[in-house]
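These notes open a run of structures that come right after.
Across the two complexes that follow, chain A remains constant while its partner is chain B and subsequently chain C.
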Partner chain A sequence: MSNAQIEIQLIASLVAVACAIPGTFLVLRKMAMISDAISHSILPGIVIGFFITQDLNSPLLILLAALTGIITVVLVEYIQKTGLVKEDTAIGLVFPILFSIGVIMIAKNANDVHLDVDAVLLGELAFAPFDRLIIGGADVGPKSLWIIGCILIITVGLLMAFFKELKISTFDAGLAASLGFSPSIIHYGLMTVSSVTTVGAFDAVGAILVVALMISPAATAYLLTNNLKRMLIYSIGFGVFSAIAGYWLAHWLDASIAGSITTMLGLLFLAVYLFAPSRGVIAVMYREKQQRTEVSLLTFLLHLKNHTEESERHVNHLNEHINWQKVRSKTVLDLALKNNMIKFDKNIVSLTEKGEEFTSQAIDYIITNQDSKIEHMKDDFFLFRG
Partner chain B sequence: MLGSFAVLRKQSLLGDAISHAALPGIAIAFLITGTKDSNILLLGALISGLIGTFWIRGIITKTHLKSDTALGLILSLFFGFGMLLLTFIQKQPNANQAGLDKYLFGQAATLVESDVWMMAIVTGACLFVLLLFWKEFKILLFDADYTKTLGFNTKFIDVLITTFIVLAIVLGLQTVGVVLMSAMLLAPAAAARQWTNSLSVMVLLAALFGAFSGVFGTAISASQNNLSTGPVIVIIAGVFVLISFIFSPSRGLLFKQIRFIKNRRDLELKKTLAFMFHIAETHENISHPHTIKILNNFQGFTKGTLQKLVKKNYVRLDGTMWSLTEEGFKTASNLFNQQTDNNE
Partner chain C sequence: MSKKIAVKVDDLTVAYNYKPVLWDIDLEIPEGVLMAIVGPNGAGKSTLIKSILGILNPIAGSVEIFGKTYKKQRHLVAYVPQKGSVDWDFPTTALDVVLMGTYGNLGWIKRPGQKEKKAALEALEKVGMLPFKNRQISQLSGGQQQRIFLARALVQNASIYFMDEPFQGVDATTEIAIINILKELRKAGKTVIVVHHDLQTVPEYFDWVTFLNVKKIATGPVKDIFNDDNLTKTYGINYKVSIQE
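== the complex of A and B ==
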């Protein structure tokens, strides 16, 4: 592994961490799309900054870009406040227009310089190590490493200082306001941090990846935990992991680093989305299926209890009466047999004592909806577990 | 046009997400076929756009993640994957690959005749289906539960609308590109929304606005060199939205402000009148003159309001003295009654 490779991975990981922190709060505050809007609309800010300084790496550029980011947020909120359109429409209107302005400004005035839309949107991590910061003639490392490092330190510092305030205002804005924190200050603070992070990061990794790095790790972590601190840690972990794994994927495929990091993030999310223990799609489907079987079982038992005639309790009759398919009826019958709730007598089904008791309790529960009645059944049955 | 539905369904950002999500489809279609036939690429874009859309749906319904997160997630992940594929393609020894990234930003100028025909056909199909299922679309849009109870297959209609939105987006990609497509979808609809409350009028207006900004944008960008078409169209559409926001008669900001000021003036007038009434009440003769000075410590009083009251014949002015007329006294006492009535 060469020096440049280590640096690229270091930058990618730092960006991942710096994005994951505001990203978590954006996801929790249902403002994920704002980051997308910001990442697009900072373009005019960068272009203007470039016209003023004629230098792609000056701090003024970052400042102006962050300012445009905040302007975006303010504009979106203003449009939304007029009540003419919904928030998402407001976002969808503001950023393409700002972006268009940026594109036109580039096309008209900056044709001959190194500032092109692709580079802005997509970034190129591979070149990051070549752009070195020289202080007093000594080479102290890539510029973007320093920029993103500073942003990260500021972000972490702010997070530490205002963790409690952020937490309260995210989950209960009303409480935060009544406790005397100004929700709008925290809101705009968060927006500023997001803008600055976006700007600082996108130089290295491109606008799209910034969005991906902000939202995906946080969303993935959110599927796994409900605890804010854990969510932060998980999302940082996911971010760093996919940054490094993505780098090697890109190395192997000889493709864009930003793209492969995003792909890694996507794969991670897909895996968690499918296999997360309590909220993954498979877990949810399994639970739903089990619940369906148990509801069927209950229906079946109630049916048995209601009918004493033999004709109503014949196995074949049950199939058509409750309108289940064969397989389904078999599952339900098996479950009932396994729990000793029914017995067969020449294809006539009848309830056992245990089944009788269970059914009456279930009826009680349905009527009164009191948990105490079924306290002891909760272990055996999913259905009653809430 | 289809944007109207997207705006009203609060799925505005879907357009953005889909246009990004279409990228890997284009790349994969190219990887498989190795040709640059725009129809095949569009098919790929359509498929991956649809996959993206339904995955977004899946995330929203199956997990507790919110719609904005799902949108942002799919958008960035698909786009990133698309970028990966594009850069991968660029390294492939295939001379055909150049120009794939025109889909990113779009170049209306590169369209050839067959593309235009393709668009015309799809637009025609959209229109036809829209007219055919007009009633169903409308009812689903405003009251989904009711639609279900009426026995319509809501899922089918839903999928139909979504498919057409995706189709429209994918077609538009060639013209204005990934980033600006969402504005093309939204801006005309958002502008049209300000002028009307009726769905059919809104759809018509949106189509009109869209067409206008398309024509103007192309004209402007053609008149000057170095001006790409997509951004210009979007900015024109944005201007339409701005105008609609400000000048629309019932919802516009300008008229709202005017109404607001009018209301305030009205209120001030009434306040002054009520104040005068209270003073006049204390005298036996209601027309007893008072100096204007005593009104000065009452906020809401201005020379203008006084003039207005004189014009309405509620107040008589005589030098620096004023007095209520008979009519003014009556109105003022009624004003008071009405207010108390309203309070109850």
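== the complex of A and C ==
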């Protein structure tokens, strides 16, 4: 690997981490779309900042552009508060207007400078290593690496300091307010971090990919864990993995790095969506199938328990009595036999002691809904896993 | 003998988009009562609680908790929001939710430690939810979720408890468990204020009641003012509730 290659992967990874942190909270607050709005509407901020500073990497430009991000959020909330339109409509109204103001400003004034819409939207990671930061004549690395590094350090610092506040105001804003943790301070804090991160990252990866890096890893992590800290760690992991894997995909395909990273993010989500151990589509389908079988089993056992007369329990008549098809009856019968719940006596089926006990416990559970009694049964049977 | 006033509300008016939902409310809640706030849908019951707790900004009026502003007395107050106001798919456990009750006393930045964890476990024990402490909150039944919320308020060890419909969508067992805990709180000298829907249970559960319908209709001891006259004034229709002795 050449130096430039390492630098590109490092920048992409740092951007991924810096995006995953605010992104996790945006997803949990159901505000994913606001990141899309911010990423577009910072354009006029970038253009104005560029006119003033003449330097795409100036901290002043980043602050000005981030301010446009905050203005977007405020405008969206203001329009929404009037009650005339819903939030998604408000977002759809605000960001295209701000974005187009930026487009017009570039067309009118910046035709002859290094700033165009493509660069802002898509970025070009491959060029990032060429723009070096020179301090006292010494080359200390690519500028974007320093910018995103600084933003990341601030983000991580804020996360560590205010993790508890972020958690409580995201989960229960009412309680947070009553305890004195102003949810609006935290809200605007998060919006500021999201805006600054978006601006800091756009030069390297473009505005569109920033959205993908904020939302996709968090959405993927959400399917895998029930723990906020772990969700953050998984998001970061998925982001970094996609950044590096995406870089090599682009290398192999000779295509856009930003596009390849986003594709990796999408593929990763798809894989987890399908194969996640408990919330994945396949796991859910499997569980539902198991549940159907187990409800059938219980119906069958209950039938045996309720009927003492032999005619009702003769193996040849069971199909008719419970009104099932042959295949299903066989599955259920096999399952009951495997678990030693029934026994045959001259083609008459009856419950074993274990079967009796299981049936009463299961009925008990269904009637009283008392979880504690059947904790041990849950390992064997899906039915009781809620 | 006059009791101390726990909560004093003066001329409180709250509006959403300039439409008043609470109009000129004066209310004094004595210390040590278990009080129901009753009224029809849209009467402003939740709004009243939220305004007292500083979650909503009133357009007029003031609130005092033991003679001082809410901001100064925050540590004396615990709040149980409506169960439906939060996202139960949030990635967290029962214990973690109860721990949130300790955040108020910790203040900004400081994290809960062993002491807070011990208090949270005790609160879980009190509501009978200790076996479920590590359960993800979406895996709990409605009644269990409500118990978790109650535990989160208990851990605050407050003097005044505000609860927004704690009996909504819970099974009978949980309802009894919750009311027993509320009665225990009253016995310990705490003041408990509950937004309540089931008029039949008011005389059985509470000793103090406030009738509310945008304006305050009446407030006082259940045995004196819980009658057909006030119910009719509050609900607008001829209301009859049989009060069992």
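One rule holds in what follows: the second predicted complex is superposed on the first by the 294 of 386 C-alpha atoms of A that agree within 3 Å, B and C clash if a C-alpha of one lies under 4 Å from a C-alpha of the other, contacts with A are read in each partner's own complex, and residues count from 1 in each chain.
The rule is short, and it goes like this: a residue touches a chain if its C-beta (ideal position, glycine included) is under 8 Å from a C-beta of that chain, and two chains touch if they have at least 3 such contacts.
None of these values were measured; they are calculated from a predicted model.
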Using the touch definition from the top, say if A:Y222 reaches chain B (first), chain C (second), both or neither. both
Chain B versus chain C as contact partner of A:A107, first or second or both or neither: first
Touching partner for A:L93 - first (chain B), second (chain C), both, neither: first
For A:G266, select first, second, both or neither according to whether it touches chain B, chain C, the two together, or no partner. first
In the superposed arrangement, does A:I168 touch chain B (first), chain C (second), both or neither? second
On the superposed three-chain arrangement, identify whether chain B or chain C touches more chain A residues. B
Where does A:M231 make contact in the superposed view: on chain B (first), on chain C (second), on both, or on neither? second
Go through the superposed model and pick first if A:I367 touches only chain B, second if only chain C, both, or neither. neither
What is the contact status of A:A255 with respect to chain B (first) and chain C (second): first, second, both, or neither? first
Can you list the residues of chain A that meet both chain B and chain C? 30, 222
Using the touch definition up top, name the residues of chain A that touch chain B in the complex. 27, 30-33, 35-36, 40, 79, 82, 84-86, 88-89, 91-93, 96-97, 99-101, 103-104, 107-108, 111, 117-118, 121-122, 208-209, 211-212, 214-216, 218-219, 222-223, 250, 253-256, 258-263, 265-266, 269, 273, 279, 281, 284
Which residues of chain A touch chain C once you look at their complex with the stated criterion? 28, 30, 83, 161-165, 167-168, 170-172, 174-175, 177-181, 222, 225-228, 230-231, 369, 371-372, 386
Can you list the residues on chain B that touch chain A in the complex? 7, 10-13, 15-16, 20, 58-59, 62-66, 68-73, 75-88, 91, 101, 104-105, 179-180, 182-183, 185-187, 190, 193-194, 226-228, 230-232, 234-235, 238, 241, 245, 251, 253
Which positions of chain C touch chain A when the two form their complex? 17, 50, 53-55, 71, 74, 77, 79, 81, 85-87, 90-93, 97, 100, 103-104, 106-112, 131-132, 136, 138-139, 141, 152, 171
